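Given below, in the form of structure tokens, are the structures.
Shared between the two complexes below is chain A, which has chain B as its partner in the first and chain C in the second.
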Partner chain A sequence: MRQFIIDIYYFLLALEPRYKIVIFMVIVLLILAAIMISVVLRERSRKNSVEARERRIKRQVEPIIQEVVFTDLEASDFKDAVKKINRIVDSTLYRKSNMGILNELLIYYHRNLGGEAFERLENLYREIGLKQMALEYLRNGEWHIRAKAINDLSTMRMGETLFEILQYTDADNVHVRNEAQYAAVKLGGKKAMSFLNDLESPMSEWQQIRLLDQSRKFEYELIDNIGPWLQSKNDTVVIFALILMRHLNQYHERSQLRKLLYHRNERVQEKAIETTQELAYSEALENLYEVFELTKTVRVRARVLRAMGELGGPKEAGFLREVLVSNREYDLVMEAAKALKRMGRHDVLNSYRENELSEKGENIVKHVLDDRI
Partner chain B sequence: MSDKAKILIVDDEPLIRDALAFKLTKDGYDVDTAEDGEKAIQKIESEEYHIIISDIMMPFISGFELVKILKERGTDAPVLMLTSLNSETAVLKAFDLGADDFMTKPFSPNELSVRIKKLLKNSKK
Partner chain C sequence: MIEYDTQNSLVDILIYIFYFITYGYTVFVMLSYLILGVISVVQARKYLRRNTYTDYLNILQSPEAPSVSILAPAYNEEATIIENIRSLLSVRYPNFEVIVVNDGSRDRSLTKLIEEYQLEPVNFAVNYRIETKKVKNVYKSKNPTYNNLVVVDKENGGKSDALNAALNVSTGDYTLNIDVDCILEEDCLLKLMKPFLEETDQNMIATGGVVRIANNCRVEKGRIIEVNVPNKLLAQFQTLEYLRSFLLGRVAWGSLDGLLLISGALGVFQKELVIKCGGYDKDTIGEDMELTVRMRRYAREKDIDYVVGFVPDPLCWTEVPESWSVLRKQRNRWTRGAVETLLSHKRLFLNPFYGKIGMISYPYWLLFEWLAPLIEAFGIILLVLFSLLGVINISFLYLFIALIYGYTVAFTIATLYIEEITFFQYKKRRQLLRLVVAGLIEPIIFHPFVVYCSVTGNWDYFFEGKKAWGSMKRVGFSKPGSNRGQKITGGKKSNPKSGPMPSNSVRTRPAT
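What follows is the complex of A and B.
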């Protein structure tokens, strides 16, 4: 054997440099392949053992959870069930991971069951220690662990954790912040929305939709806080407050709405015009004339014309006709024609077509009056 | 033969299937399960059930198709649809195809028990 190795050594030594390089490369590649295969095999066996552990825990825990959820247990039997579950998940090495499996299981049941079963699951969640675990993750975890912990606490309706969750509604991380805001509204209702008073971070449109969806549950309640939100320095909070005003029919604070028609941010301005229209706030028509004159942005001006079409009377019909006849901005002319149609003023549109002999006038009126478009 | 009412649960989610089976067994029924529409049809062909509880979104044969097939074959057992689909269209379609009751998830197990009792009572008339 020794002689064989020596022979190979001298053979390699005698080779030309290019062959030496090729052989060296082959050896390196073989070593790398062996390392990769061993890593893959180890990972696969680790995954298999995790899955086996998960199956075992589920198999052992499921009947106990079912017993708790579907049976009217005595307090002592409930305590026994909690002890049994804790014994199953107890492990020096895998406790966290086992608790994670249990957590997912309870959340799954919670998403599918209602009524009394719902409350029993929440009780079990507390007693097993999953609430405590979620709170620890919330205080010490990475951002994604914190966001997940908040989501779990709100899914499991742990109302007593609301105060802690409120601390994260303006967190630096957007996901933690979004989950905390959503959980706050879900757990604390309209009172918990007071976090909007001091919110400095921007709210995405998606987040506004999520919060609105939760807020719909208190549709006919008066949201007292809406005033300060309409005056917030955070424009996204102002927009969200306007959305709430519109969707939850919050008619108070209309004077503030009037001021927002002149807001420096055009997006806020547009939303304020839209809200004025949706709330049928016709007293603001005078302000809409002013906005139309003051602003140079076509989008905002078009929005004003649309609102006039919904809120206005004969005076506004005259104004819209004026825009239709004399304005040179195509979008505004089109919007004015549509607004007249919405007002039912076909007479104004037809007289414009008759007087405005250009192809432009003909096309605009034809387009607007065509119900298929 | 047992005088217990026999219920077939058709759901592709094992956790829901097992939980329902546990609850209904506890209520005193004889419970059988199937993980999809195909297996449910095989079971219905060989056994007689008093009630069938079926999910809608399942592999191979959906809950809607299952109800349609059962009604075409003249199966007498009432069918209760238990699904996450929470839309008017789904409810109307289910009843149109011949379902006897409709519940959405999350569901109250106690309410389910009451509905089953009612369906059994009606089917005996």
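What follows is the complex of A and C.
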């Protein structure tokens, strides 16, 4: 065997350099593949052990959590429960990981519970030290750890951390910033939305949807800041303010809304028309005529027709009939027909059908009158 | 004597050039895969980190969620259509409609749909913004439960024509274009829409998602409930190929904004832009890639600051062929489709006006997707020839082949490792080992076969002028009278009697 290895060694030594390089690379690659297979298998074992630990912790902790959450414990019993939980998760090697498991467990319970149980769970979160851990994570260098910490604090309704969270509402990292904005609204309510006053970075639609979801949980009240937001230089803030007006029935600032019907950004314009319609702002009908004439975008014009169908009277019915008869754009004809139907003007639609002005138009009217569609 | 020396040196020079091209090209391919792999890992980890705290519930309850139309063209899909439509209808999203287009099926697809979903014809005024074959009828359900289902019955015109008809009927702002035989994950639409909603600086025009292989997976009520490695070796090879392609290739291209292909099996598009581009090209066989390239080109030419996204999550499951003959037809068609698209958009090649797609993606596709198999086949023929003539160093050649084999195996194992630390779909140890074994055999059996298919695809395109699709007969995800826990088996054989538009066979290209 020894001789064989020596022979191979001398054989390799005698080879040209390019042979040596290729042989070396082949060996390295195969060794690498073997190492990766063993790493994959080790990773599996690690995952299994983590899962086993997770199951064990859950099995031990869950009864305690349930006791804390569903019974009215004395202060001393509560302290005992906290001690017990701390003992379970205590470990020299795995404390951080165990705390993570506990964190997820409490968040899971929090999402599925309400009422008094909510508050008890929040107290438990504080006492176990999870709140402290999240606050420490806020100062972590990794963006995803900071974002997750903010998310956890807001999920667990740690209102006292609002001040720390507000510092991140215009953070450089978009994920951290989004989580902080969401958490601010969740924990601080309408007042915390003041970050919108001077927000320079654009708000994504995703973020707007999240913030709206939170805002809809507010008790009904007029939002004073809507006015400045509608005048913001940041178009995404304007759009969000319009969304808030619409969904939270903010009937003030109508003059500002009227101005936005002429906004240079078509998306803002569209939202403004939608809001006008939803808030039943019929005084803006004259402006809608102007917008219809001024804009060339079919989408915006169709929105105007839809709004007219909701807000208009006989004059608008005449206008819509005119669009139905004279316009060639499918979307506009369809929208005009739908608007007439919404106004209850079946007579206009039926007379159009009977007169058979155009096959296309007739099909559209049939379509609109078919309640199954 | 002098003459002999001159000839000899000329041969030497030719051999030297041959060495340089063959070896240099191979090393270049290896390096590019390595770079893409590294980028993918970084991106996948970033995505997973974000997902640790992402809550899709907000959008699920939101009245502001944009509307989406799911477009599902179907041709002779009676074996699976009912279950598949059920799966589509149960997708989690607040504002969507499902548009199924029966593209002149010769089987009982439409009858089955009418019976199962209580359909009746309605007076739908179709807006033919894109020209298609005649729409015979549009159906809606009498049952309010299926209020968001629209079935379009039209004359046969092919997959592109069916998709265009669906576009004409759709009302959503976005379209999710899928193959009706695919199984979608429940939150597929939520995840695919997120990039559109998150983008603030640029105009997101399309997103794609990862397609995985459903053969041998357990399906219940139109959902994958247990992921398994396919039993057949051929499907296992394709599993590895899909993993490499989607997990390593497309994730990287997505992050580089260089994707040239959003798979026909799963992709969300901005509807208005698709229509402005003229919809799907009816004269191409690679309609998914062609549309992606045309949209990108259109956006650039119209000076739209756009981006194409990719979601690394496994969102869609599809059946792959388990027979060599069906696979050969499929790969042949993919090759023809890619060649056709690349040639029809040759203007992009190294054109700085088109940015990354002109300078990087298109040349990459040209060199490594289209030409790679041709160069490889040509190289092998020359090598055999040269070795027979005794003009090349055989031992070095063997070593080089060993190097390629070692690299391919290492790369496959690396893919499995990445799958393990990211999405971890194959949970059983034995399944993983089966894939490892398949990875050891794949370069010897599967790869040469794929090269052969690609070469014949090129031959068929350039010399035979073939344009028709291949076909695959489906077994179906469920058997009559039962929909519980069926395992999926791949198509058994090709169906030469298929009509003008064959079955929506496996058309999910895994090319990087």
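Criterion: the second predicted complex is superposed on the first by the 235 of 373 C-alpha atoms of A that agree within 3 Å, B and C clash if a C-alpha of one lies under 4 Å from a C-alpha of the other, contacts with A are read in each partner's own complex, and residues count from 1 in each chain.
Everything that follows uses one rule, which is that a residue touches a chain if its C-beta (ideal position, glycine included) is under 8 Å from a C-beta of that chain, and two chains touch if they have at least 3 such contacts.
Just so we're clear, the structure is a prediction, and the values are computed from it rather than from any experiment.
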{"item": "Which of chain B and chain C A:25 touches, first, second, both or neither", "value": "second"}
{"item": "Most chain A residues touched (candidates chain B, chain C)", "value": "C"}
{"item": "First (chain B), second (chain C), both or neither touched by A:71", "value": "first"}
{"item": "Which superposed partner A:108 touches (first chain B, second chain C, both, neither)", "value": "first"}
{"item": "Which of chain B and chain C A:209 touches, first, second, both or neither", "value": "second"}
{"item": "Which superposed partner A:148 touches (first chain B, second chain C, both, neither)", "value": "second"}
{"item": "Partner chain in contact with A:288 - chain B first, chain C second, else both or neither", "value": "neither"}
{"item": "Shared chain A contacts, counted only where both chain B and chain C touch the same residue", "value": "none"}
{"item": "Of chain B, residues touching chain A in the complex", "value": "13, 15-16, 18-19, 22-23, 26, 105-111"}
{"item": "Interfacial residue positions of chain A with respect to chain B in the complex", "value": "62-63, 66-67, 69-71, 105, 108-118"}
{"item": "Parts of chain C lying in touch with chain A, wherever the complex brings them together", "value": "46, 49-50, 52-53, 58-59, 61-66, 120, 122-125, 127, 129, 140, 142, 194, 196-201, 395-396, 399-400, 402-403, 406-407, 409-410, 413-414, 416-417, 420-421, 424, 429, 432, 436"}
{"item": "Chain C contact footprint on chain A (complex, rising order)", "value": "18-19, 22-23, 25-26, 29-30, 32-33, 36-37, 39-41, 43-44, 47, 144, 147-148, 151-152, 175, 179, 202-210, 212-213, 236, 243, 247, 330-331, 334, 360, 363-364, 366-367, 369-370, 372-373"}
